[in-house]
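The next block holds one structure in the form of structure tokens; read it before the comments.
Letters A, B, C and D name the chains as they come in the text, with residue numbers starting at 1 for each one.
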Amino acid sequence: MRLQAGCEIVVEAEADCAVVAMLRPRSNAAQWLVSETWRFTPQVRPSEYIDGFGNVCQRFIVPRGRMTIRAELEVETDADIATPGTAPATAPALLPPDTLQYLLPSRYCPSDRLFDDVLDIVGDASPGAGQVEAICGWIRRHVVYRYGESNASTDAIETMRHGAGVCRDYAHVGIALCRALRLPARMVVGYLYGLEPMDLHAWFEVWLDGRWYTCDATQADPRGGRIVVAIGRDAADVAFLTNHGGLSTVDMQVWVGLTPAG
Amino acid sequence: MRLQAGCEIVVEAEADCAVVAMLRPRSNAAQWLVSETWRFTPQVRPSEYIDGFGNVCQRFIVPRGRMTIRAELEVETDADIATPGTAPATAPALLPPDTLQYLLPSRYCPSDRLFDDVLDIVGDASPGAGQVEAICGWIRRHVVYRYGESNASTDAIETMRHGAGVCRDYAHVGIALCRALRLPARMVVGYLYGLEPMDLHAWFEVWLDGRWYTCDATQADPRGGRIVVAIGRDAADVAFLTNHGGLSTVDMQVWVGLTPAG
Amino acid sequence: MRLQAGCEIVVEAEADCAVVAMLRPRSNAAQWLVSETWRFTPQVRPSEYIDGFGNVCQRFIVPRGRMTIRAELEVETDADIATPGTAPATAPALLPPDTLQYLLPSRYCPSDRLFDDVLDIVGDASPGAGQVEAICGWIRRHVVYRYGESNASTDAIETMRHGAGVCRDYAHVGIALCRALRLPARMVVGYLYGLEPMDLHAWFEVWLDGRWYTCDATQADPRGGRIVVAIGRDAADVAFLTNHGGLSTVDMQVWVGLTPAG
Amino acid sequence: MRLQAGCEIVVEAEADCAVVAMLRPRSNAAQWLVSETWRFTPQVRPSEYIDGFGNVCQRFIVPRGRMTIRAELEVETDADIATPGTAPATAPALLPPDTLQYLLPSRYCPSDRLFDDVLDIVGDASPGAGQVEAICGWIRRHVVYRYGESNASTDAIETMRHGAGVCRDYAHVGIALCRALRLPARMVVGYLYGLEPMDLHAWFEVWLDGRWYTCDATQADPRGGRIVVAIGRDAADVAFLTNHGGLSTVDMQVWVGLTPAG
């Protein structure tokens, strides 16, 4: 399916402020970037670099005052996502080298503290896809989707205890529990067609039987129509705006629709 | 300056044909990609990869028959290019590792056969920028710009003997002679504002005194307004369309203009 | 100075166990690997890969029972380390792209929770080297070096509260506090000449004024004679042995000495 | 099998001379580096970098006068090499991205000029392994192994015309002819157990049916016992010593034997 998506973010800086924006998707096996347009008001000329996960990062200075960042994208992506079905876990010795970093504990996914909890959660589910399904089911039953219950410091263990959070918290719990089973799992942020209320979204991917599978514990039956913007170990790696000073987000609009001819 | 540029290429395949297109620019220190739109008719969904030089390559199958590939770009770039002035050559021991490959001879730039010739050409020009200026001057005096005198197999030595060629041949001679002086030099293809007749263009860059400088022996006084599309050792690395079968280019249009508000 | 160093590790596996060893140093600007010899008993043939931080990782299967891993190294390294003196912090906009990941919070260095604490700790120390010196001094005054007070799950905040730990805990506190000041900081593990009792060691590096500086809060006056084995965000990235099953370390010997002729 | 190999090279510099040595093998899927020792007399401390093909390059200054470079290696490698049997060519659309560069013409392998010749040479051999076998057979019948018939500027077409050359020329012809059939092919230099007279050796690899196969047209029945030191498009990329000034090789000894316990 072909999607038109985009966002417009208004930020305000107390003083000239260095910013890294992680909002520019790349083409890959699952999506092809047909069109994109960037508008910065006032005009700046960002420099770009690719981070260690392959994400495109745009660096620029927000001059004192307000700046509007607007991205318009057209992306060809899959209407449906592959479900792991009964895919088994890949034996550790057969995991590709670049999946191994996604087994390690990270800031918001302290999987090293969940080795026992995860066994209770997955019970006797079949290794691999069955366990992942059990984890997503557990999250949907034990975590309520509610704004304002978590913040930028909340990690997966806190969300599990507190029982409430938003999409990024759901993803952190899913990732931490998968890693505690030695299943590589990573954070994804991007656009999702049909999301309500519309916003940038976060979900996760798990490596089973030789490939990454999309998982989204916020949906009982995860849909396609996804545009991946950035990938990382957890939210620390994929913040859409990182600033090194006093920047605040004043407004943010996000939209995703079908391309007229798509 | 802000440029609107693009191309439309019509190809014809005798049978389904695997193609690699190297037409997608990247943002870098010298240019920022504000907007781009791709249209393939009939629709295909390319897969993309980054080659060893950092170029974006799009792979796809051209189905039997005709296909139109259309790219529309908007790019912020410099109106003027830096000239090396009196920049000295960088001592070999101080060259950054990734410049060293551009000292090696390559398919169209057999610099290992030009160690003697280049000394005659540069004479007692001052090492570095002075030598590069002497090389560009020599090319302008000894090579006539004329279509049909060279082909896809013509190398720098043949062009020097024959005394005629097009932009890619000019670049090959410049690169080969610079490398024969142990100055790193590399091929660039892209768009040039104001080029007549309009077409995709080729030029070269030389490393002097800690940075790459743009050189274009087809112009007495090289202008800016350049959009870099691909970089490599020589034309072998930066073909805008590589096919592995019977593909022919039926038509090709290229345009570069100022963005209305630019 | 030229060092002879090495380690011999005896592990025991309950069943065939996939392992990643991160024990193989690489040559770099600060050290040159003159000689190395690896012995695995029983013999295995590891496969190697380079991780996202540039570390050499050796993968192999430890068969059920005991295995001895022995590494002998000879490395040319600096007898003294550069001290930052009065080096200022690098402005965020000028940090090289690959240092930016070392500003992010990580599993054991939750710098996002230390923005307030660090201001108390550094007080009015001069930005950059002065702040780093204040941080190292604070650690030496507030953290006692004692085995058995921390474990593989202990993070910097826990060490700060508890006031005791070992070299990896000292490094985690230093890294977390530097990042809270927006100074890039990263974990280093390796060998240190003259360490007592001899063991593999951990310290950290901080980016100031355009380069990485070695910091080691376990020493009042950090010495050179260091062989860097691995680098990462924190201990999660640089475990010398990662196993995905039931492996235990039975014995470990480490040695570092001067090469006879060195 | 486990091999002890090494070389000792004596060079002489008219003046201080910057050098890049490409003599340090890496562990990979086909070989594991058990031990290595480097001696430079007089002592220097090289800096190392990895080039675009993954080769380890050591840079250093040879001071005016003589220098001895000595490498001792112990490597676990395969006693036998896989033969392609009846492996088919991989369809162009299915070639992995990093094999595509090995389809391009290069300095010593101008495959773009051999599209017609290669068809005569392979005749109706079966696509893939059959064609490669036909190419190697043709080389053995039409090129005599003789020193002094070629030099550092000789390319594959000159060797084909002249009918004589050494291992590097054999490899260039094989690579150029394979590429003319759109089979990815690359140059390899390294050690070969049992070579007579002993020297550093050159051969090539061709990509068939999803993997690289070792080809060596200097042998009717290519043996294993190979240590790969460097890989590239052709000899331009894998010179064991590149200097940027007046350096001469005064003496060179090479040895390869079985490890006593191997």
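Here is the rule we go by: a residue touches a chain if its C-beta (ideal position, glycine included) is under 8 Å from a C-beta of that chain, and two chains touch if they have at least 3 such contacts.
Note that this is a predicted model, so its numbers are computed, not measured.
Taking each chain's centre as the mean of its C-alpha atoms, the one that lies farthest from the centre of chain C is B. Counting C-beta pairs in contact, the pair that comes out ahead of the other among B-D and C-D is B-D. Chain B and chain C have Cα centroids lying 44 Å from one another. Centre-to-centre separation between chain C and chain D, using Cα means, comes to 38 Å.
Between chain B and chain D the centroid-to-centroid distance comes to 30 Å (mean Cα coordinates, whole Å).
Across the assembly, chain B contributes no residue in contact with two or more other chains. Taken chain by chain, the contacts form a single closed ring in which each chain touches exactly two others. Chains that are in contact with each other form these pairs: A-B, A-C, B-D, C-D. Across the interface of their complex, chain C is touched by residues 18, 20, 49, 51-53, 57, 59, 61, 91-93, 97-98, 100-101, 103-107, 110, 112-113, 152-153, 182, 236-237, 244-245 of chain A. The touching residues of chain B, when paired with chain A in their complex, are 26-29, 32-39, 45-48, 58, 74, 76.
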